[in-house]
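One chain, chain A, appears in both complexes that follow, with chain B as partner in the first and chain C in the second.
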Partner chain A sequence: MTDLTQSPQFGDRLKRFLKDYYIYLVLILVVVVLSTANLDKFPLFERGNFLSERNIINILRVSAPILTLAGAFTLLMISGYIDLSVGSAMSLSAVVYALLAINGVPFVPAFLATVLVGVLLGAINGFLVIRLKITPVIATLITLSLYKGIALLLVEDGVSAIKSGGGLKMPGWFNDYGRDGVFFGLPWAFWVAILVTIAMIVAQDRMKLGKYAAATGGNPMAAKLSGIDTARTVIILYVLVGICAALAGIARSSFMSLGDPLSGDGMELTAILVVLLGGTAFSGGEGRVLKSFIGALIIMSLTVGMLTLVPAYFQTLVVGTALLLAAASNHLVSRKDSES
Partner chain B sequence: MIVQTAFAANAQEKALSIRDLTKDYPGVRAVDAVSFDIDRNTVHCLVGENGAGKSTIVKMLTGALAPTSGSMAILGRTYEPDSTQDARESGVGTLFQELHVVDQLTVLENLTLGMEASRFGFLVKSDLEGRVVKTLAAIEPTIDPKARVSSLSVAQKQIVEIARAASSGASIIIMDEPTAALSEREVERLFGVIRRLRDSDVTVIYISHKLDEIFELGDNVTVMRDGKHIATKPLADVNGRPELIEMMVGRAITHDYEPRGDIADNPVLTVKGLTNHLLKDVSFHVKGGEIVGFYGLVGAGKTEVARAIYGADKADGQIDFKGRKRAASPKEAIAAGIALVPEERRTQGLFTELAIRRNIPIMNIRKLASFGVFQDEREKEVAREYVGKLGIATNSIEKYAEKLSGGNQQKVVLSKCLFADADMLLLDEPTRGVDVGAKSEIYDLIRDLANNGRAICIFSSELEEVLGICDRVFLMYDGRIQAEIKNGTEVDIPHILNVVTGGGGENK
Partner chain C sequence: MTDQAVAGRRLAKQDNRLSDEMFITSLVAGAAVALFLLASILVPNFFQFQNVVNLVTNNWAVISLGVGVTFLLVSGNFDLSVGGIVALSGVLAVWFAQATDGANALSSGWGMPTWLAMVCALIGAMSIGAVNAAFVVALRVPSIIVTLGTMMLARGIAQVVTQGSQRNTNLPADFGTLGNMTMFGTSIKLPVVLMATLIFVAVFVERKTVFGRLTYLIGANPVASRLSGVDNARHVVKLYLFSAVMAGVVGILLASEFKSGFSNRGTLMEFDALVISLLGGVAIAGGFGSVIGMFFGAIILATVTSAATGLVLSPDWQFTLKAIAVFIAIMAQTWALARRHAG
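Entry: the complex of A and B
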């Protein structure tokens, strides 16, 4: 307390600055570390630089699913709810999309039908949580199982995923959405992620939805007393997350050229980590869509960077440690803020 | 919810008319045929002792409770709210003790929350912002509408909530003990806000235990006692605190205190200068075999004294128990021989979903172990022993604590403390929610415990209780011990009430 009062101006400003911008600093730090490290001898970086065009395109293409998901997931967590079924919803969408494509359905109808599946999956989550009043963690743990179970059932016995073979062949366009560069060498999947993120930023700052999500997560009683239909707000957010999970599933499936019923495994953890890294409070009320987006870039840079720098069996540990440091510094900054 | 009815002609000029309002709970009539009027654009105060029925009336006004019978009317129109939101829509806003603002949003976002102008879900500019900012500026110009609510003080948050009610068109704003958490300067500021509200066509219903505030702020006052309406009159016609207190108490308080002889000479507990967020320089001592009472109204600091001694809250100052240093945690307090019977029995005192026999030994479960192995049979023996000794009415020691009556639950909590070999018992509201018969049993038990040499502190907001069993009583107000009283037949009850409502004591 005493040293704070000696230079309150500077201390306060520094804290404020760190709180607002630490995520960007972390991103810069990660990029600097990865690009100064000597990557020459690794095959993925044969042009010798983390910041090479090819590598950046690579990272952004792989990142499309999590970048698509992060925004809606942030709004849901701001409202104080959570969706553990996103990974399974993503897998199921990937399988449905691949199944439609391999059976001759053209791109646009297959795409729209899969998005509709996402709407349905999100609505089921919302229904369980709001109407049946099942605790969000339990409800979405149940659907995590259910959605994955359905995805596994949709794939024939003896095959690991929907792919060419046995008389059926993936259409030639299947790969384009996730891989084929359209602007700046980046595919549609990435640009859709950008569009979704912009839409979520607009929803957060310029629409009632964003305010209501913050009110619902910040003080549910106050929200209700203000005449906000918190149930409706939460259901809409679950549906949005469902849609984004479907888009992520399409991106992943197109990138890998197959409908893998396990392709979304672990996505719920990545999504939670990314959102927390972006400074969203686990208890709800607080958070920024854009910061989660940056958080996703950090995680993906680390993951891809690690592939080349660190032996495979260390990677998860290194990512975890980096996250711990980031989360701890975030916590320290915000705790000081609330104490003063 | 508002329908035109045939009230008396002048009722149409009244901000609120209450007629024969009654609320029955099983076995208790909390509010008994209360009728009074509240004039428009006044600050109308509601006073009464604990249990007088004020909060029940407030709950009926805010739609949290439905009256058993009787009616209410706003400006002559029948008013029957079925929820807090419904009350708001009828123009009755409430400032609850628990604040309903969203910390993470800005002041302006809070003020417009739920009323935003929008098109297809997109926020659009409207004159709403301008209006609420004006309202806020009119009642408290120093709050920045762009500030985040989390950066405001409790007092400022209250003002935001008041501004919210005012700008959403409330004609009546109810404030229940709004100054409980405020400093003196903030209280002054709040009073300024209330006066400006009154001048801008808002009626304020103000509930407070602090009589000074009522004389400073109020236009009219309604006094309640034992669920009944005693009087409603302009404060200008009230002959100072003594008359108000007399109306609040009204009856002779009966107490059957008998002086007890076996009190040790030396204090076992000495407290010096206890100070924390609420307490101010609290000093006292308790002797072995003595029953000491702490009497004060809600927010006076009684529970905080108990928790500080028990090591549950931090506080500066010295606490000396039998020559030992203070307990830093409840665990240390228990080890030293201090036990607390908390205020909230069901949530803090008992494991309601465990059997009686599992509850009783829980503070000192080691006593039931042989070589580190828990002895189930011993637990049953202990439970039977205490059920017999304290007269816990139950057909089985396997019964869940939840299924017991209030009095029997409290006996289970006391058993817990006794099994922990406590030499000093801190009893916070020991007979709250306990019926009359069980109350006197608990009093007898407390006397027995003291006669066996234990030191006992009772923290109570019931005057009859402390005057019934305590040898000495400390009167608390605003976090301080204002006066100490030796119990006996000569206690001056108006003096006590004067002190605990802020009238100053001899130590002040």
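Entry: the complex of A and C
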């Protein structure tokens, strides 16, 4: 008899545990697989192994853009909206930042101006979705095309990106933000990503914004009736995503030391992928910023770590499969919830 | 409930007026003609018969993809996987048809006869459609996320098969026949004729068959259609399979035309197919739109982009122009419908 009464409880607790912690288990699994796969050639923690200091620093450096973006994107998706223009917004910010820097604008004004561009890009999305009432997918598809178009137009014909040459030279400080280690071997861009993530966690747990976002996504009508200004909440979230896309663009631009108008291509897919991987419901209302951050670490570990195991042309296949698996598991988890 | 009551009253009142759909379609067609005339004034040598033909024939691939995408949008579902399927089916057809005795991995394939290779490639395309259908219908994952995933899945397989580049050697002599065949003694190619046939069949299915009308019902009101005994799930499955097969045919014809399977072929075609549907007045919420509208949407996009090239604008303008065109189209259609109903 005790078995019968205890086992469902145990099953429930296991389910609960899996739902709360599966993302950390996946991260551990990915790290274990990647670090032991080539153990015969590269000993643990040695050069060449996944867990070598050099490799970890490299992964965290190239992850800075998506780590910056994941938090704000999660909050937006929790509110039931989507932004397909983040990749283009990132490219445009990268081009603007590089353009300012190469024309002699110092670091701080160039940085702030680019963040302002991000505010503007996010506000345009919010305006199209909330004021003009265009479906989020279509509105941000329009701006995906628009921002990318402007980024391409800002770069002269016949040149692929803003870079040194033709009498202009990138200033010496340009790499400092995104590439050169300042603190535990990691650049500013990474620490900014951490700060942004902490800010988003605080916004989700300790501020009205997080509760309003969840209410808007869970039941927009109820949220409106209980006096929440859902329109304002959504516009603020779009602006936050715009700012984070700009920070991501600066990080990418500084890391590559150029303003590439295609550098953010596909970022919207990665962002959706990491947010889904983190267990945010598609329909909105549910999700955690921290889990999306872990999701981003998983995807970046996979895509970078994989390069030692399989040729680079496997990347699209792996990311596509991961997206479908994340979507499927996300569905299974939320179905369990609604049944119980 | 009130929405339907209003719609019903409107229907009774406007018996002999155009339906909203025909209204929007004629609006789009009018805009296409107006844009063409405007471009003829602004761009030197634009007003030529050959140019009109080129606007259609250069876009046969995207227009053909647009048919499947339009049907799905009308039923309330996205299909962003078509570009990936174009790459996949082309690469598979080439791989299956390549002789087995190639000098290296990229020049040896399965040695199938051309027709069998193409049939097998179509099955490959169809299986991506099946994955779409399974995730959307059985798992109820939003179609935009599923088809973004399968877009990468299909292109990912194509990239693995071609090792990130292309396969174009060691092909049977008849592999290029289908894509380069000209019809009726003119220079019009087979794919263009197929596109035209597809449009006619699609318009017939959309207007005159139960299947076509059910697609609208499912998009406009899935609950009502289920309650009246329609198997929504089965219907959407058929639409996804149809869209994937059409994308597969396009991919195979392109592979045949260029005698190569290129893993990056069809990049952004899914967005163009969506863009021309939206320009043509298809509503993203489902239940509204037409294949003819999509066709004129394609003409609008083609006119705008080729006029921009004629005005010697840099090709970088295309993204900005597309964004502006879609924005204007959506605002104009919303405004025109609101005005019509206010009157």
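Keep in mind that, in the parts below, the second predicted complex is superposed on the first by the 310 of 340 C-alpha atoms of A that agree within 3 Å, B and C clash if a C-alpha of one lies under 4 Å from a C-alpha of the other, contacts with A are read in each partner's own complex, and residues count from 1 in each chain.
Keep this in mind: a residue touches a chain if its C-beta (ideal position, glycine included) is under 8 Å from a C-beta of that chain, and two chains touch if they have at least 3 such contacts.
Fair warning: this is a prediction, and the values are worked out from it, not measured in the lab.
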First (chain B), second (chain C), both or neither touched by A:215: first
Partner chain in contact with A:150 - chain B first, chain C second, else both or neither: second
Comparing the two partners chain B and chain C, which touches a greater set of residues in chain A: C
First (chain B), second (chain C), both or neither touched by A:269: second
Partner chain in contact with A:282 - chain B first, chain C second, else both or neither: second
Which superposed partner A:228 touches (first chain B, second chain C, both, neither): first
Contacts of A:17 with chain B and chain C, given as first, second, both or neither: neither
Touched partner set for A:173, first chain B, second chain C, both or neither: neither
First, second, both or neither for A:184, with chain B first and chain C second: neither
Footprint of chain C on chain A - complex, ascending: 82, 132, 134-135, 137-138, 141-146, 148-150, 152-153, 155, 157, 269, 272, 276, 282, 311-321, 323-324, 327-328, 330-331
Touching residues on chain A, where the partner in the complex is chain B: 206-209, 211, 214-215, 217-219, 221-228, 285-286, 338
Interface residues, chain C side, partner chain A - complex: 78, 131, 135, 139-142, 144-146, 148-157, 159-160, 162-164, 263, 271, 274, 278, 284-285, 314, 316-324, 326-327, 330-331
For the chain B and chain A complex, residues of the former touching the latter: 84-85, 88, 98, 100-105, 109-110, 113-116, 118, 121-123, 150
